[in-house]
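Naming follows writing order (A, B and C), and every chain is counted from residue 1.
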Amino acid sequence: MGEFGSAFTFMADNAHLLLTKSIETIELSAAAMGIALAIGLPIGVWLGHTHRASFLVINASNVLRALPSLAVIALGLAFLGIGFVNVMFALVVLAVPVILTNAYAAVDGVNPDVVDAARAMGMTPLEVITRVEMPLAVPLTFAGIRTAAVYVVATAPLAGFVGGGGLGDIIVNQPQYRLSGVLAAAIVIAVLALATELLLALVQRMVTPRALRGETEAPAIGPASREIVA
Amino acid sequence: MIAAAAPVIPNFGGNPNSCVRRNETFCWDWVSSHWGSTLRPALIDHLELTVVAVGIGFVIAFALALLAYRYRWLETPVIGVSAFFFTIPSIALFQLLVPITGITRTTVEIALVSYTLLVLFRNTVTGLREVPEDVRESARAMGLTGRQIFLRVELPLATPAIFAGLRVVVVTVIGLATIAAYIIDQGLGKPIFDAIGTQFKTELLSASALAIALALAADTLLVLVQRFVSPWASARRAV
Amino acid sequence: MFLRRALVLALVAAVAVAAAGCGSSKKSNTSSTAAPSGQPGAGKPAVTLGSKNFPEEVLLGELYGQALRAKGYKVTIKGNIGATEVVDKALTSGKIDGYPEYTGIGLTAVAGDTKTPASAADAYNKFKAFEEKRGFTTLAMTPFVDTNTIIVKPDYAQGHQLKTIADFKNVNGTVKLAGPPEFATRDQGLPGLKKAYGVTFKFKPLAIGLQYGALDNGDVQTATVFTTDGQLQGNKYTELTDPKNVFGYQNVTPVISKKVVSAEGPAFTQTLNAVSALLSTEAMRRMNAAVVLDKQDPAAVASSFLKANNVK
């Protein structure tokens, strides 16, 4: 148990190293989330708005969320080689299904009467999406974004195994950093993941229109419950 | 140091032009020759790790869920603790447990079990709670005791939610167990980690494919099991 | 109907978990055999040998372990345990009885002694003295060493008349050197080379194993690799000498608990020493090549080697 004490000593002695590596991990996660949002949100919202392809979406997301994260990274390594791009690709593949499915379910599930009323008031389809469906879809969509973000931050350390940088570099380099370093990096990773979860929970609360605040917790049954971490 | 005559170095049979040497995308000869020594043991170990973790996790989560169903105040603390462990990335949790329980299967199983608790607990409790009140009322009106209502009405109706949770958990644990190989050198992660250093495509692909296939097969199996146990609930509820 | 089906399910699940939990015996990375009588190992207590988590160490563990088994000892081989620190802990906590260690690494990483040894024998003796104070001993060391080495392509060496590392001073222009990232800061790396020979390089950090590709296609003119790398077999590259021994001494020696050594009898030590004597640099290179390049199973490669030399 004294090993944990030495981990804190390592943190004190190597604060700069840990900070640099943490930033690398955060950058990787942010980049992956950015791309995943750019892909998953528009497609999910569009499919939900048109109520199309539900069978395809649900089954594809079932398959994709079953992918073990290390397996996806290994496949990325085989085809894309070592480095940042490989891991980012893997993280995007892992994050998009969650974001897409939740956005889809959220927009698809908007009360059809409300949508009809909006159309009756003369709103264009784009206005319907942006002024009616999306605000109502915020709770469930954001739950998906939050899940995906925590998943990505939790998986990003695996980049260390394939030369992608970040805190994982320390964990796979026990010969250089000793057990104290490995434990220190593990603690920092855990703190990062928890901070991401709590921060986004806070943002989710702020972003949710007051009228919908009661629904902020994603239902246990359904796509949003598929929370997975690496 | 003992000086000695030069040793006899046998021909190990390597061929500079072989599929493996050139690291082609998939070398079937490697897979067939290493199935018994590398891939199959990894697959079996992986299965064992998963079954034990989900089994133990289910027992604990179910017991806690029954308690929380009865004593509502338990729900928040249990969710809080299990969510805490759930959020810790697996590679970190494995390493943090090593000083406590060593480099053993136990360490890995403890971590894997802790990942199952949140979803199983929450889904079970929610599933039980979502049983419509009027269904319960009818059951009471029919003269069933509390215990009978639980066993014959509430639990069956909660099955879809419980199975939705089980499916998520099984798939998750299969994924996390690949990372466990970094600690205990067992499971489908072992060939993956072995192959990473040299980017040996065949091994990376075959081990990854097996892990993915295992996850999909387990998911499908659970869907079938759910239909067996609660056939009335197939089409409508969670996919 | 629900209850009945649910109970059936619960029963099946319970049986599955029980079978999985109880049925897991020690897996493929450990194995043991019984001793036919009449052999030196017959009747002796069982021994557990460990090895670190890279191919050469796994090979060494198999070589030593299988040689002992051939003499009738009951050996469990726990390969691929982890880094030096982890394996040393397994040794001191009694989980393993011995493992192969490199004299230089034993001094710096295990004994914490960072003074440069004067010779291979000096490194060995210092390490042996350290281990004996802790209740362990080291057996005969191998002829081969596994240290860093600087390589160039043969025609490059001839063209610039390079024989030793110091000769790089005579090369005009910047020389690009590829190596693992830690080489840039280690004493047994660029700083040490600069101090000892006055040579500097433009450094290209690459993950271990990728230097050969970079050297082959001309991205770099020289690279630092390990002396027993499989890629070096057959003298495909020219190694430059390191007369001042910047890279230190790294012969291998089996570290075994003293109690086990005496309990197992003299044939135990003799068997291990005989194996060590066979391990030349070329032999290790060929075996590493078989494992790392041809992806063969370390146990099988070790077995072939031992059989070819009549140890098995």
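As a convention for this text, a residue touches a chain if its C-beta (ideal position, glycine included) is under 8 Å from a C-beta of that chain, and two chains touch if they have at least 3 such contacts.
What you see is a predicted model; the values in this text were computed from it and never measured.
Fewest steps needed to get from subunit A to subunit B, stepping only to touching chains, is 1. A centroid comparison over C-alpha atoms places C as the chain most distant from subunit B. With centres taken as mean CA coordinates, the chain nearest to the overall protein centre is B.
When chain pairs are compared by their number of contacting C-beta pairs, A-B comes first. Here the spacing of subunit A and subunit B, counted between their Cα centres, is 20 Å. In terms of their C-alpha centroids, the spacing between subunit A and subunit C amounts to 40 Å.
Separating the CA-averaged centres of subunit B and subunit C is a span of 34 Å.
Taken residue by residue, subunit C touches two or more other chains at 82, 86, 207, whereas all remaining positions touch fewer.
Subunit A has residues 82, 179 in contact with two or more other chains. Every residue of subunit B that touches subunit A in the complex is listed here, in rising order: 25, 84, 86-93, 95-96, 99-100, 115, 118-119, 122-123, 126-127, 130, 160-161, 164-165, 168, 171-172, 174-176, 178-179, 182, 188-189, 192-193, 195-196, 199, 201, 204-205, 207-209, 211-212, 215-216, 219, 237-239.
Within the complex formed with subunit C, the residues of subunit B that make contact are 1-4, 6-10, 12-15, 18, 20-21, 30, 34, 37-38, 41, 45, 47-48, 51-52, 55-56, 58, 103, 105, 151-152, 155-156, 159, 185-186, 197-198, 200, 202-203, 225, 228-230. For subunit C in complex with subunit A, the residues that touch the partner chain are 82-86, 109, 182, 207, 210.
Contact residues on subunit C toward subunit B in their complex (touch as defined above): 2-3, 5-6, 9, 13-14, 16-17, 20-21, 23-24, 27-29, 80-82, 86, 90, 120-121, 124, 140-143, 207-209, 251, 273, 276-280, 282-283, 286-287, 289-290, 292-297, 301, 304-305, 307-309. Only residues 82, 163, 174-176, 178-179 of subunit A touch subunit C when the two sit together in their complex.
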